[in-house]
Structures are given as C-alpha cells and as structure tokens.
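Okay, so chain A shows up in both of these, paired with chain B first and chain C after.
Entry: the complex of A and B
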C-alpha cells in the first residue's frame, strides 16, 4: 500500500514543482499538498499521512504551530522542516520542537525525496508482516517487553492505524485524529491486517490505562456484539435438530425427546428481552445440567449458574439449572451483551 | 483410538499458560480421555468423573460455556474429539476461542453429532 507524504508550503509554485518531481517516486509514496498549517491539519484528519514536509513561515497557522500540533496529536509522523533561514540556531530550535529533519531552501528536490524515503523506511525497520493474527502478535510484543511503533493496515479498507508500545505496554493507539481505546478497539477488530514495526516509540504518556489483554478482550466483545465475529456462531450444520438422548447420570439412558422449543413461550418487545425468542422448561437438558453440576463440584467451581449452548444450525440457548432446566432460546441475531447479561448477571 | 501427537500436546499445554486457564482436557467422541493437564489440584477430583455420560449428554452441542460461581468451563466439539478448558473468571473465552482456532486447526468447531 502506498504511503502518503504531505507537503505544506504557502509557495504554490514550489508545492506543485515538488509534487511533479515526486511523481518519479510514486511507487514508494504519493504526494498531497497543503498551503498552510490549517489545511494541513484538515488533511491529516482526512488521510493517513506517513510523513509531513513543512515550511515554517506561512499565513494562518505557521510551521511551528503545525509542529506543536503534530507533536501532540501525531507524534509518530515524522516532520521534515523547510526553511530559508538555515542558521545553526534556527536548526536547533526546529529540531527541539520535534522535527525529524531539517532542510534549507533552496534545496534539491531529489535530496528531499531521498530524506522522505529514508524516513519512511524507518516505519518498517523492524520488519513487515502480512496476514497476521494481530492479537497473537501483540501478545508476543507484550511478552518480549518490546518498545516499538506498529503501523497496522486493514487490507480490506486500506485504513491505517498506529499502536505505541513501550516495554511491552500498550501506551496509545491512533487512527488519523482519533486516539486512545476507541482507536485500539477498531484496530484490534481488523481481520488479518498487515503490520510494519518501527523499533522506536516516541510516545511516553500512557493514554490507554488498561492492559493489553483487557483491551483485546473488550475489542473482541465489541466485535462480537457488532455481529462480525468468527463464523463459529454463524455456521450451521445442514441436518435436522438433534434427538438428544437422556444421558445416563445414574447408568440409565432413557430416550428423551429432542431439546426443542416445544415449551417455549414467545417473548414480547421488552427491551430487556431483546434477542430472546422464548423461554420455558425443558427436561431434555437435565442430564447435561446434572453432569455439568457434578463436573463443577469436582473442581470446586462453586454453584452452577448458567450454561451457554451453541448447537450449530439451531438457535443458541442459555440453560438455567433447576428441578427442570429452564431454556432461554436466543434469536439468531441476539446481541452479545444480551447473552453476557444472561450468563453473568 | 486417536493418537495425539507431541506437537499438539505441547500446544494444549501452552494453553495452560494463558491467564487463568486451569485445565485442558481432550476427549475422544466416545468419552475416552486422550489428554489432560491441570494447574495445581484442579484435576485430582476428576479422575472418576463420568466422561462417557458427559459426552452422551453433550452430543447435540457444538460449543458451550458452563458458568459457575468460581470458574467457567469452555466446551468445543471438534473433528478429532471434544475439547474442554477449565478457566477462572479472568480468562477470556473470546481469546481462548481465537487461540484454539489459530493454534489448533484440528479443533475448529465441528457439527453436533446427533442422529
């Protein structure tokens, strides 16, 4: 996927000259233009920019203000500063504001292109991975206590996100101008993304307070709720519903009717009942519940509270223990939070 | 009888290293225990558990989560057999499920075995 360089300069001729010359590097990066800091800020919101090249003296929002904004909102995006006043003092001042590079005007466009390419290569200095399991990979980062910046690309939508790790801790995440957990949840929900690893992390502040496992879990839960999770809950066997046999807890195996919704009562539109097709007693599930209780007792698991059942093609169920098992039949599109509430509350 | 190779056994054991996973059991479709590994004392009282009856009772289930006061048990029917993971409250089933899918393709969910 092509990276994007944003050139910010109020000199229209320079902007378009640079863009024209940079066409020779289109296989590496494409060029976007902005005439001042304000336009650059908007472009950063609208596009996943990999590097910014900015002049310092511009109307409206100048290069220093843009550098401050970049440092606060996009600390991972390198900035190369162009200036016509290239004294050692001004260079020092510019680099102190967080710029990654400095180039004096007039400059050779090819030199600027070379600087951009060197900076962009740093994005993947630690390697690039394609079609990986992001949660697996991130847990390795955590285990190895690695410090790095990971750029994630959703290959389906071409959306880009960035994750910041220091000593294996997830500090922050960013998608364009959105950061924190909101960005992390979205990045973690991407299926088989590509990852580029940069072996440094410019972030120091821990914006995401929760640990990685908790954020990953929440992301998976939200994905479940959005109905985008793995097909395990969607796939179905083609066969007719099973004749469940009364299992032999006391060495008996009397035949029972299938655990079906025969005793199920329809449920109305109460929001609390959203996603529930019906509820009612069904003794056909008693053997499973009895054995589940025995299994729990054997491992000192405490009281048997509920049991979630996925039967493939048939509606999923939540079973509640009792003299006769109570069966809550879930609708096919039952939201994840309804299931969690039934199971855990 | 299904033979569980060493690599798969290692992966099963690795599941125990996940946060709050306390036991991993793999049963044949007839309820024979092919593999089990527990953390601490979890498994000592399971020696006499009637896995055959449990297998019979769960034959119409593809995947289940049994929720207890102190623990949860994740069940998955697979092509090779039945997979049972004993967990505390802090283990995340979504993660366990993902791990299973990624690490052990052979334990991807299988259709219920009902006549």
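Entry: the complex of A and C
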C-alpha cells in the first residue's frame, strides 16, 4: 500500500510545485494537499496519512495548533515543519511540540523529499511481515515485552491501523481519527494483514486499560457475533473517554464533523448456542468428576467448577458438575470464546 | 530429574508439574509452591484411569487449574493458577514429550537388549 504525505501550506503555488516535484517519488509516497490546519484535520480523518509537512503561519488554524492536535490525536505520524522565520528559538519551540523535523524556507524540494523518505523508512525499521496471524504475533510482542509501534494494513480494504506497545503492554490503537479499544477491535478482526514494525513508541498514556488477551478475546467475540459486518466493531455512543483523552479532545480545535459512533447491532443468534452440538446429563462422567474433586482438595484447589476434555478426533466436551454430570458437546469448529465462556462463566 | 521441568515451572502462574507413567506412578515432579502438594498415590491412580485416552483435559477449580496432557509414555499434569498463558504451557508440554520419552520410553531397535 502506498504511503501518503500531506502538505499543509497556505501558499497555493508552493503546494502545487511541491506536489509536481514529488511525482518523481510516487513509488514511495503520494502527495495530498491542504491549505490550512482545518483542512489538514479533515484530511487526516479521511485518509491514512503517513507523514505531515506543515507551514507554521497559516490562516484559521496555524501550524502550532495543528502540531498540538497531531500530538494529541496522531502521535505516531511524524511532522516536518516549514517556516520562513527560522530563528533558533522558534526551531526549539517547534521541536518541543513534537515535530520530527524542521526546514527553513526557501528549501530545496529534493531535500524535503529525502527527509520524508527517511521518516517513512522508520515505520518499518523493525521489519515487515506479510499475511501473518495478528493475534499470535501480538502475543509474542507481549511475551517478549517489546516496545514498538506496529502499523497494520488490511490488504483487502487497504485500511491502515496503528498499535502502540510499551514493554509488551498494549497502550492504544488508532485507525484514522478513531482510537482506543474500538480501533483495536477492528484491527484485530482483519484476516492475514501486513505488519510493519517500528522499534519505538511515542505513546506514554495507557488508553486501553484491559490487557491484550482480554481485548483479543473481545475482538474475537465481536467478530463471531457480527460476521463480516464491520459496523459491529463500534462501541456504544455513551461510553465516556478516559479523562486525559477527554481533556485532549476539549483542547483541540473545533471540528466540523465529530466522529459519529454507532451502537452495537443486536445479535440475532444466541451466541451461547453457537458451536455447541448438544447438551445433556451423562452419569458415565461422574467418576471423573468425583475423583477430580478429590484430587483438587489434595492440592487445595477449591471446588470443582468445570472440565474441558479434548478427545482427539471425537468432539470436544465441557463437563459441568451436578447431581449428574452435564455434558456439553462442542462442534468441531466451536469458537474459542464459546469454550472460554463455558469454562469461566 | 527436576531440571526437566525447569522451563515449564518458569512460566508465570505455573505451580507444579508432574509426570505420571503408564502404571500411574509419579516419576518426576517439580513445584514452585511450598509446601508441596501431597498427592495420594491411590487417588491419583484412580483419577488417571478415568482420564484414559483423552489427549487433553483441563479441570477448573475455584483457585487453580489442572492441565493434563496425554503423551506416549504416560501423562503430564500441570497445576496452574488462573493468570497463566495456557498456550505456553501447551507448547512446553510439546517440548517435554520427546525428552520424557527418551528417559522413560521403551528402547527400540538394538537398544532394547541393553540396560540403561
């Protein structure tokens, strides 16, 4: 998937000149244009942008406001600042607001292209993987306690998402201007995506409070319930964002069209029944339950709750204790979350 | 002998691991917790008989889980808490199987004529 660079400048001639010159690098990135910060904010919502190049002095929303918005909403997207007023003090101020680079006007367009390419290469400095099982790979990241930014591309829809990991902890996820669990659920639902790994993570705030396993299970459940309907990955609209995130939203410039959230579609099929071939009492399993309970008390394990039996080629079973053991026979392709629900609930 | 279980016992949340041979006798055991659980050999043998040929059994108790994996030479029992990566436990059991087989399996070929 081609990467996109967004050029933000109120100088129309400069914008179009840069776009024309950048056509030579179309194999690496394509160029989008915005005439001020407000238009840039909208473009960031509509497109998966990989890098932003912005002027500082612009009408409506200037470069500093755009930088503040970027560091709150899109901290992973590098920003290169262009300015005609290149004093050391302004450079210092710009870099302190999170800009990745600083270039004084007038500049050589090829130098800017080189800076963009260097920044884009960092996106995949840790390598790129194609057609991988995202859940298995992320569990490895968690086990290895890696700090990284993972860019995920859904090859079917060309949608792009970003996952932020620090010390193996999933801090946040983002798809365009949607972040948090909602974005993570959607990313985790993508089949065999491509992943690019950057060995750093600019995020410090843990927006997703649950651990990776819990988010993966929830994503699996939502995917099972919703089938191919991606709209079901949206959460209910009355969910309050975390306080820090809320503050960041309040501080940002007013947006013309705030993201609309849709409620989860009601599930028509009872998920409890999905993947279950049959349920019924079977006293033949009582000895296993009795002896298992005895063994449990010997190791101070507490009361016997449930038992999962994998019988190889035959259907797997979940046994529930009672006067007579209840046997739940699982279908061959029973989803993992149904088994977990039976075992834990 | 305990060293064979070192890797599995290093997984967070694993409390103990036991290898029981086909005669339902404990051959190797290792624990992270002390005091070590005192398993009654008769109860254990009866329980193993009921488990029979199931390739995997996982029993959930209030406080602990018991994972039982059937291997060619017997069964591996792993006692775990609830905050444990079961995929890692399964993977370690896969790794343990050939090691246990080499220690306790019947020698094949010309090896069967020699005492270990």
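One rule holds in what follows: the second predicted complex is superposed on the first by the 227 of 345 C-alpha atoms of A that agree within 3 Å, B and C clash if a C-alpha of one lies under 4 Å from a C-alpha of the other, contacts with A are read in each partner's own complex, and residues count from 1 in each chain.
Here is the rule we go by: a contact is a pair of C-beta atoms (placed from the backbone, for glycine too) under 8 Å apart; a residue touches a chain by one contact, two chains touch by 3 or more.
On a predicted model such as this, the values are computed, not experimentally measured, just so you know.
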* Asked: Where does A:292 make contact in the superposed view: on chain B (first), on chain C (second), on both, or on neither?
  -> both
* Asked: Thinking of the overlay built on chain A, is A:281 touched by chain B (first), by chain C (second), by both, or by neither?
  -> neither
* Asked: In this superposed model, does chain C or chain B come into contact with more residues of chain A?
  -> B
* With the two complexes superposed on chain A, say which partner A:221 touches: chain B (first), chain C (second), both, or neither. => first
* Asked: Touching A:311, do we find chain B (first), chain C (second), both, or neither?
  -> both
* Structure fact -> After superposition on chain A, the chain A residues reached by both chain B and chain C are 287-288, 291-292, 294-296, 298-312, 343-344
* Which of the residues in chain A come into contact with chain C in the complex? -> 139, 143, 287-288, 291-292, 294-296, 298-312, 343-344
* What residues of chain C sit close enough to touch chain A in their complex? -> 16, 37-40, 43-44, 46-47, 50-51, 53-64, 66, 79, 85, 87-88
* To do: Give every residue of chain A touching chain B within the complex, in rising order.
  => 133, 135-136, 213, 216-217, 220-221, 224, 229-230, 232, 235, 237, 239, 241-245, 247-249, 253, 258-259, 287-288, 290-292, 294-296, 298-312, 343-344
* Structure fact -> In their shared complex, chain A is touched by residues of chain B numbered 19, 22-23, 42-43, 45-46, 49-50, 53-54, 56-73, 86, 92, 94-95, 97-99, 101-102, 109, 111-112, 114-115
